[in-house]
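Heads up, there are several structures right after this.
Presented sequentially are two complexes of subunit A, the first with subunit B as partner and the second with subunit C.
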Partner chain A sequence: MASPGIQAATHRRKDIPMRLTLHQRQIIWAYVFMSVALVFFVVIRWYPTILAFNVSFRDWNVFEGSGPWVGLENYQEIWQDAGKPRSSVTAAFSNTVRYVLFGVPTQLVLALAIALLLAQIRRLSALYRVAYFAPYVTSAVAVAFVWNWLYQPETGLINQALDIVGLPQQPFTKSPSQALPSITAVAVWQNLGFAVIIFLAGIQQIPAHYYEAARIDGANAWQLFWRITLPLLNPIIVYLTVLGTISYLRLFALVQNMSPQGTGGPLKSTTTVVLEVYREGFSSYKMGYAGALTVLLFFLILLITIIQLRFFSRRVEY
Partner chain B sequence: MATSADIGNSGALQNIDRFSPARGKGSRRFGWPLLLAYLLLTIGGICMVTPFFWMILTSVKPPPELVNFSFFPENPTLQNYSNVLNTSSFERWYLNSIIVATISTVSVVFFDTLVGYTLNKFNFPGKNIIFIGMLGTLMIPTEMLIIPWFTMSVNWSWHIGYAQYWGIAFPGVITAAGIFLMRQFFDGVPNELLDAARIDGMNEFGIWWRIAAPLVKPAIAALAIFNFIGNWNAYLWPLILANSREFYTLPVGLSFFRGESTTHWERIMTAASLASIPLLIIFLVFQRQIIRGIALTGLKG
Partner chain C sequence: MKRSKRFTILGVLLISILLLAACPAPAAPAQEQAAESASDMAAAADEVIEIEYWQYNFAARVDAMDQLIAQFEEANPNIKVIHNADIPYAEFRDKIAASVPAGVGPDVATLFYGWQSAWIDSGYLVPLPEDAFPPAMVSEEFSPMVQASFVDGTLYTLPTAVRALALFYNRDLMEAAGLDPNSPPATLDELQDQAVACTQRDDDGDLVVQGFVADPSAQDHHWFREVLVRQFGGVPYTDDYSQVLYNDDAGLQAWNYLLSFHTELATGDRDLFDGSTNAFVGGHVCFHVDGSFRLGTIANNNPDMNFGVTELPEHNGVKSTFGSYWTHGLTKKAAADQARFDASVKFLQFITSADAGALWVDIVGELPAQLEAGSNPELLADEKLGAFAAGLEYSHATFFADESQQRQAIIDSFDMVVLTDEDPAAALQIAADADQEVLDDFWSSR
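And then the complex of A and B:
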């Protein structure tokens, strides 16, 4: 890379020390360019990560920035709470898993179906993409309120529509059994557009001659989908599964703004891990306990991501 | 892959907007399969946009019309808007959101592009460790960092007064995902071009600022738009950090606003419209770039 010509050019300049070669100067420039970012990642990302583990072993007082070491007590407390019937922690973890299990497959299947349809059409395609994507750029808080209003008993649009077609009204977020699926539906509605766009881009990257060749061999539309489209979309399916799972594991804004008083009710039926972190840490100021919950969330995300990458990643070559 | 100077027009980017005609049955026979596709997409599309229309329609209805059900307002009014604007601090929340989103977007565009460029075009000792060290932070959920961040903010008094703007913005002023993205895009900038500038005696900062960065403008635009939207909608951290009403961002203010007007749905929908319409307009204006950018980052990542 350092050709003699360039070195000769640099040696002629007076303001640069003669001893430095081009490569050495490049090293200095590289570190100058990265200096602010390096400080940022150490101070704002890695140090707090270590501090987060530290907090989880202490009876942390956030306003003093310290607290006595209590070892595993916070974790033991979580474990004991998890043993109690109807505790918030148990509800939080089991609900969070249910959000993932309901939300991620629904989102992927719907998004794939919509992307396949969108790949068929030419006219108005941009209009449909805008319509499907709009919720994704809207604040989750605004989305939560709009759906609260849609779900409202008596006056809400959905219950009015049910009335018109002669079906019984539904309580949606007001009932412990319907609240979690109702909020999951909103999360799917909001995140669907993202998956649609990624799937569509993936479908459009599949070379057309694969389909032509298969059709000449007599394959029908069903076989084209199962034998060509789906296997070639595998990396995208893995990517969207991992990303979707992480986003459902971190669900907070929708739940906080759709449950009564933001408590994850009714009867803890919608609370999530992050909502409990917020409540324990920033309402009850049990920072150590909340910190231990976030550490558990971290390991949960890590574990699920590794499992998904292991089991779903298959290389497909054609 | 892309050797042409205009990275925005190369490879995957074009395919996204193009429809390859040999695909699917619909393109050959304009019969019922195509019609069915349109029908299903329209039904789905109506489900997607109805909540927005319902929000806006409700916001222009006088309160009695909410009880006597009618889809369209009979006597549309902007009274709700003046009520909400007069009784809450929406103007201030707009300002706060604009300030916070702008601080972080300007910073992210500058630093993510610079660091992405450095990691792509420079060779230096420790490069791999630094790259892994930055990328590794993507594994750490931000929820795990909020207690440490809050502790640090209290320590350095970033949670009081005007420092709150910085307090809300600081976790997002540089992003690992953005650095990674920009590093990929600088692949398309030919090294010969940079060497030529070096021979001409341009310094390294000038080479990045005047030559390399302008060549990846489409990617920078996408990065800026996503980042602005992401920060505009950020909720958990601003909720924790902002401790007085005057420093709430829009989502936080909106959330507290509901607490104050529990059953006045016309007012809540007005507030929700106020919070979401500006961003929906930005989205409609930049929809091509945003959707392209999303598709690109998804395929690259």
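And then the complex of A and C:
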């Protein structure tokens, strides 16, 4: 009945006789050290998360820190609001989905292309990696401010460049049709570095003899990419897709700082679910409503993540 | 392996129990502490009572309030006022909201009058006691716009100072355009004419000097509602501010007037220089509607700008301006303890006195809320403040159910016309509908 795992463990234990007590001590110390992080997660992350569920079923009063139980009333209100013309809720959900659909694929394709190029470079490779990674560690607010200047009409760098090459000026974040792609572009630019580094790590893990063998068999560069690189990067692609999707579903800081007055405009064209949560909660003090939106977003993220993990994860063995 | 697995389970259980036990703990001590200190204070009523006062961080306001507190503490040695003004404007509401469930926060808080409804609805503000603040006294001695502090006939807050809108004009730009800087626009028609005359474009047609920038996300949404609508013969809302009325003929004329600067006259573009206010402060705009609080911004950021301030242009012989104010309220934290409440009432009386208003105008540049101090001839003659002071007697403060949403309604409709070529009348109706929905939401729950 012994499973291979237990066999392996027994085997290891025989090699090092002191392992058991040391192991016990290690476990205890591991928990001691982990408890610091655990306390943080429980108090700062999990407790508020559970509280948000509770709040979403109440007519929560932000100043009293409590409120009567109203069941699904907040959810009904969201449903009714979603049916109204020019509804913020509908705009928030459809924009959020659009950010994901524009952002995630662009980010993956660009990051993979850059990682493939960087993998070829030997000289100054660290410098390039830092250059691509820098935006990722920069505060979103700082990024938003810099890009706001770049996007400025007439005086902005991009519009001046367009002027020089004789192309018409663009309104970017000031136009309802261009604002969302403009902000998505900044989000892609910001997140690119992370994806590039992960892809690079993945590319370097692919054993070189696969390529050698394939070349001997007469495969061209295109075939090497499609038959070896891409399939073996699948776990990384899945990981980055899931992580990227979650980050676009939670987009907030860039929109808050790049849309006019942080309202998700012009004309609600850039608002996101998280931005609406913030506006409902902290400017209209409708905490129950904001809580219900949070719960809906939670389930949306959960659903999309499960679907992605189920459909995109497949093991590739060579 | 089995043993180590047992250890793992044991460890997880132990930590979960520890955490569960610790979970409600952070909330409890804070409440206990608050209750303890409250009862301590009640027991020692003749000893020093500490009250807490909060406002957002704005250097001049902090300075003025520090001086007022020093005066107050000297006159009332048994009351100590803790002044918290460390919170940036953008976070002020969040911080207040977060402080309350934790059992800390202000006894007396300064808030924008437009937030009052939300704060009252959530039970955070308590009515001001009538014996200390008789409604008749407030109606008589305070600027008429302070009526917005009454909700359903109950007074909730009172300000030290008020602000009004006036017309700022850049004298150098006027002169460069051949206009006389000593006769800025006095009527709406003159404003249109002079704005057109003052606008300069380069060879590519790009704006170099903007005559007037219509920008509802700055002060122009107020200018539209409380000034333009009235000047074209309408009223923005019913007297109790429960019904939108600006979606009539007069309202549409006012709306078209505001839009004209952007559509037909093209005297400015609000997207340049990050909005009309920054553009004016930077010296790129000839005429600009703004409040007295902007004097400080200009003094800090562009002190050499040669500008003047005059009363808002009139139309059809009607003068009007929008008034607004930062106002002080008593919180339910103050109301929880009689001694502290009494001390807070005393403090509120002190900072809303005419003397406090006179000190405030010198340091902050906002006008005294008390008419006596506001109609001071010296103030009226002031080159910059005079125009605002003159506006106080014909000012209107909109009663907001939700200031940010009601403002957004106007901004969105303006955007619809400017960005998506919506018909102005249809867009105005959409703004009115959105505004009315906010009002209905507010009044139906009362």
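Please note the rule applied: the second predicted complex is superposed on the first by the 271 of 318 C-alpha atoms of A that agree within 3 Å, B and C clash if a C-alpha of one lies under 4 Å from a C-alpha of the other, contacts with A are read in each partner's own complex, and residues count from 1 in each chain.
Assume a residue touches a chain if its C-beta (ideal position, glycine included) is under 8 Å from a C-beta of that chain, and two chains touch if they have at least 3 such contacts.
Just so it is clear, the structure is predicted and the values come from calculations on it, not from any experiment.
K.L.:
Per the contact definition in the header, classify A:L118: touching subunit B only (first), subunit C only (second), both, or neither.
P.N.:
In the superposition, A:L118 contacts subunit B only.
K.L.:
Where does A:R86 make contact in the superposed view: on subunit B (first), on subunit C (second), on both, or on neither?
P.N.:
The second partner, subunit C, only.
K.L.:
Classify the contacts of A:K268 with the two partner chains as first (subunit B alone), second (subunit C alone), both, or neither.
P.N.:
second
K.L.:
Who does A:W189 touch here: subunit B (first), subunit C (second), both, or neither?
P.N.:
A:W189 contacts subunit B only, not subunit C.
K.L.:
Could you figure out whether subunit B or subunit C reaches more residues of subunit A?
P.N.:
Between subunit B and subunit C, the winner on subunit A residue contacts is B.
K.L.:
For A:A37, using the defined touch cut-off, is the partner it touches subunit B, subunit C, both, or neither? Pick first, second, both or neither.
P.N.:
Touch status of A:A37: first partner only.
K.L.:
Once the shared chain is lined up, is A:F282 touching subunit B (first), subunit C (second), both, or neither of them?
P.N.:
In the superposition, A:F282 contacts both subunit B and subunit C.
K.L.:
Output check: A:A131 vs subunit B and subunit C. Expected answer is one of first, second, both, neither. What do you get?
P.N.:
It touches subunit B, and subunit C stays clear.
K.L.:
A:G65 in the overlay: touching subunit B, subunit C, both, or neither? Say first, second, both or neither.
P.N.:
A:G65 contacts both subunit B and subunit C.
K.L.:
A:E212 contacts which: subunit B (first), subunit C (second), both, neither?
P.N.:
After superposition on chain A, A:E212 lies in contact with subunit B alone.
K.L.:
Which subunit A residues lie in the overlap of the subunit B contact set and the subunit C contact set?
P.N.:
The overlap between the subunit B and subunit C interfaces on subunit A comprises residues 6, 9, 13, 23, 27, 31, 38, 47, 62-63, 65, 148, 152, 155, 282.
K.L.:
Per the contact definition, I'd like the list of subunit B residues that touch subunit A in the complex.
P.N.:
It comes out as residues 12, 15-16, 18-20, 22-27, 33-34, 37-38, 40-41, 44-45, 47-52, 54-55, 58, 66-67, 69, 111, 114-115, 117-118, 122-125, 127, 130, 133-134, 137, 139-141, 143-152, 154-155, 170-171, 173-174, 176, 179, 191, 195, 198-199, 201, 204-205, 208, 229, 232-233, 235-236, 239-240, 250-252, 254-255, 258, 265, 268-269, 271-272, 275-276, 279-280, 282-284, 287-288, 290-291, 294-296, 298-299, 301.
K.L.:
For subunit A, which residues count as touching subunit C in their complex?
P.N.:
6, 9-10, 13, 20, 23-24, 27-28, 31, 35, 38-39, 42-43, 47, 61-65, 86, 148, 152-155, 163, 171, 174-176, 260-261, 263, 265-268, 279, 282-285
K.L.:
Touching subunit B in the complex: which residues of subunit A?
P.N.:
So the residues of subunit A in touch with subunit B come to 1, 3, 5-6, 9, 13, 22-23, 25-27, 29-31, 33-34, 36-38, 40-41, 44-49, 51-52, 55, 60, 62-63, 65, 114, 117-122, 124-135, 137-143, 145-150, 152, 155, 157, 160, 189, 192-194, 197-198, 200-202, 204-205, 208-209, 211-212, 221, 236, 239, 246, 250, 252-253, 256-257, 262, 274, 277-278, 281-282, 287, 290-291, 294-295, 297-298, 301-302, 305.
K.L.:
Quick one: in the complex, what on subunit C touches subunit A?
P.N.:
Interface residues on the subunit C side: 1, 3-4, 7-8, 11, 14-15, 18-19, 22-23, 26, 93-94, 97, 100-101, 118-119, 121-124, 204, 206-207, 217, 269, 271-274, 332, 402, 404-405, 408, 411-412, 415-416, 419-420, 430, 434.
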